[in-house]
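Heads up, there are several structures right after this.
One chain, chain A, appears in both complexes that follow, with chain B as partner in the first and chain C in the second.
What follows is the complex of A and B.
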C-alpha cells in the first residue's frame, strides 16, 4: 500500500469538510479513489462513473500527467505521489 | 444579500486586455484569490488556453494543464482558485445555457463582453441551487 495525496478542487471541498487535500492509500489510482470514496460520503459519485472511470467533466491527474494518457485508473502509484482531481471547465456564449 | 467579488481595477483591465487580444474568439482563465465570508477577493488573474478548436468563437474548454499549473501556484502562495473568467464576443456578459450546464458550485464566474469596439460589461455570477445568481463586482 502506498500513501498518496489527493488534491481536492474548491467545488468538491464540501465533501471533504473543507480540506483542500487528503491522504489515501492504494496501489493504483483506482485504489486510491476507492479509499477516498470510503472516507468521504458522496465524493466519488462526483468524480467517477458507476464503471469507475472519470466522469465527462472531470480529469484525474497523477503529478502533471492526465491518467487518460497513462494507464487510466489502473495507473500504479508510488509512495508520496500526488493525484489532482481537475474539474473540466467549459462554457461559452452559445 | 448579493455576494461581492473584489476585483481590483488593474486586474479587471488585464481581463479586458486578454479579451481584446483573443477577439473574435473566446478567451478564458482562472482567478486566484481568497474567500472572506461569502465574498471573494481576487489577487491575480491567469489566462489559460481555450482548447475548443471546433467552435472557439462561442465555446471554451479551459486547458486542464493550465488549470493544474494555476492550482499549483495558488497552493504555493496560500491562495485558492476562487473563480473562472471567460469572454463573450459580440454577446452580453450573461451566462448561457452552455455556461450553466458546465458550471461548478463554489466559484465566481466572471464574464467579459467584448466586441470590435472594445470591452463592454464585466459581470460575475455564482451557482446557487443550480442557477446562476449575479454577484456585485467591487474594485
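What follows is the complex of A and C.
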C-alpha cells in the first residue's frame, strides 16, 4: 500500500469538510479513489461514472500527467505521489 | 518601380500597412447581427410552441462575448483608459479572453488575461495567437481564484493595468440591451410576428440575462425570464450555479428579472449538444443547457414562442473529449462492417 495525496478542487471541498488535499492509500489510482470514496461519502459519484471511470469533463492527474494518457484508473501509484482532480470546466463556479 | 520590386518592398512592410489602414472598425462591424434560427422540435413534445435561438458562434471571436467586449473596449478607449501604455486586464475562462485578445489586437490595445489552467487548449492557443499575455492560475483553485488574482494585479499595479471587470462593467449588459435584444425583437417580428413569451439564458457574468431580460420586459412586461442553472461539479463552462453558499454573484446581474431557475446537468447539456448536431448545429455545452431548459418549458405547452442564445461553437471543446462519445448512427456502422 502506498500513501498518496489527493488534491481536491474547490467545488468538492464540501465533501472533504473544507480540506483542499487529503491522504489516501492504494496501489493504483483506482484504489486511491475507492479509499477516497470510503472516507468521504458522496464524493466519488461526483468524480467517477458507475463503471469507475472519470466522468466526462473530469480529469484525474497523477503528478502532471492525465491518467487517461497513462494506464487509466489502473495506473500504479508510488509512495508520496500526488493525484489531482481537475474539472475540464474552467468557467462557472469557484 | 517594377512589379517585382514593389512586391519585395511590400513584404518588408508591417502587415497593417500592406492590408490598409487597420483601425479595427472592420472587425468591430462584424460583431453582432447574428442569425435567429428556429430549432426543430417534435409537435408531440412541444404542441404549438416555437423555439428560436441567436446563433452567436458566427461572431468573429466565435462567441457571444464579442458583443460586450466590443462595447467595453471601445468605451474604455474613448475614456482614455489605456493612456501611457496601460494594458487591459480581466479574468476569463476563455471566450471573453478570446474576444479581448482579438479586438485588442485589432484596436492596438495590449491585453492581459488571467485564466485558470484548465481552460481548454483551443482557447488558450487562440488568446496567445492574437498576442495577448496569459496569467495562468492553479486549476484546482477554480475560476474564482483567477477572478481574485485579476483584482489583486489591478490593485497592485494601477499604472500597468486597467481592469475591465466584465462582472461589474455596465457596458456588458448594455451591449445586450441595445444589441442582442433589439436584434432579437426585430427578427422575431418578422419570423414569429410576436415578442417572445419566454427568454432562456444562463448566468456567467449576468450580462446576457440582465441586458436582454430588461429590454424584453420593457416590450412585454409579462415575458418569463428563465435561468438555466448547472450542477455544481464539474459544472457547465461559463455558467454559475448561484444559490450555494460561497457562490460569487456577479455585481451586474439583476436577479429580480429571474422568474424561474431550471437545473441542468452537464450530461443533459452534452446530450442536447449531440442532438443538435443532427440539426446541423455544433455548439458548446452552455447552449445545450439552454436548449434543454427550453424544451422542458416547451413540453408544458403553455407558450407560443421561446427564445434563447447559442453562445459559442462546439469546436472550442474538442480537446475536452466532449465529442468523443458522438458516433454515427448504429445502422450506418453496421452497413460499413458488411463491406
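Definition applied: the second predicted complex is superposed on the first by the 89 of 94 C-alpha atoms of A that agree within 3 Å, B and C clash if a C-alpha of one lies under 4 Å from a C-alpha of the other, contacts with A are read in each partner's own complex, and residues count from 1 in each chain.
The criterion applied here is as follows: a residue touches a chain if its C-beta (ideal position, glycine included) is under 8 Å from a C-beta of that chain, and two chains touch if they have at least 3 such contacts.
None of the values given here were measured: they were computed from a predicted structure.
Visitor: Mind working out whether A:57 is in touch with chain B, chain C, both or neither, as first, second, both or neither?
Guide: It touches chain B and chain C both.
Visitor: According to the stated criteria, A:88 is in contact with first (chain B), second (chain C), both, or neither; which is it?
Guide: A:88 contacts both chain B and chain C.
Visitor: In the superposed arrangement, which partner chain does A:66 touch: chain B (first), chain C (second), both, or neither?
Guide: first
Visitor: Under the stated touch criterion, which partner chain does A:16 make contact with: chain B (first), chain C (second), both, or neither?
Guide: neither
Visitor: Check the residue A:8 against both partner chains and state whether it touches chain B (first), chain C (second), both, or neither.
Guide: Once the two structures are laid over each other on A, A:8 reaches chain C alone.
Visitor: Once the complexes are superposed, what residues of chain A are shared between the chain B interface and the chain C interface?
Guide: 7, 9-11, 20, 57, 59, 84, 86-94
Visitor: Help me check something: in the complex, which residues belonging to chain A touch chain C?
Guide: By the definition above, chain A touches chain C via 7-12, 20, 46, 55-59, 84-94.
Visitor: Name, in rising order, each residue of chain A that touches chain B in their complex.
Guide: 7, 9-11, 13-14, 20, 57, 59, 61, 64, 66, 84, 86-94
Visitor: Taking the complex as given, what residues does chain C use to touch chain A?
Guide: Checking each residue of chain C against chain A gives 92-95, 115-120, 123, 139-145, 204, 230, 232-241, 244, 246-248, 266-267, 270, 320-322, 325.
Visitor: What does chain B use to touch chain A in their complex?
Guide: Where chain B meets chain A, its residues are 26, 28, 52, 55, 58-62, 64-65, 67-68, 71, 75, 80-82, 84, 86, 88-91, 95-96, 98-99, 101-107, 109.
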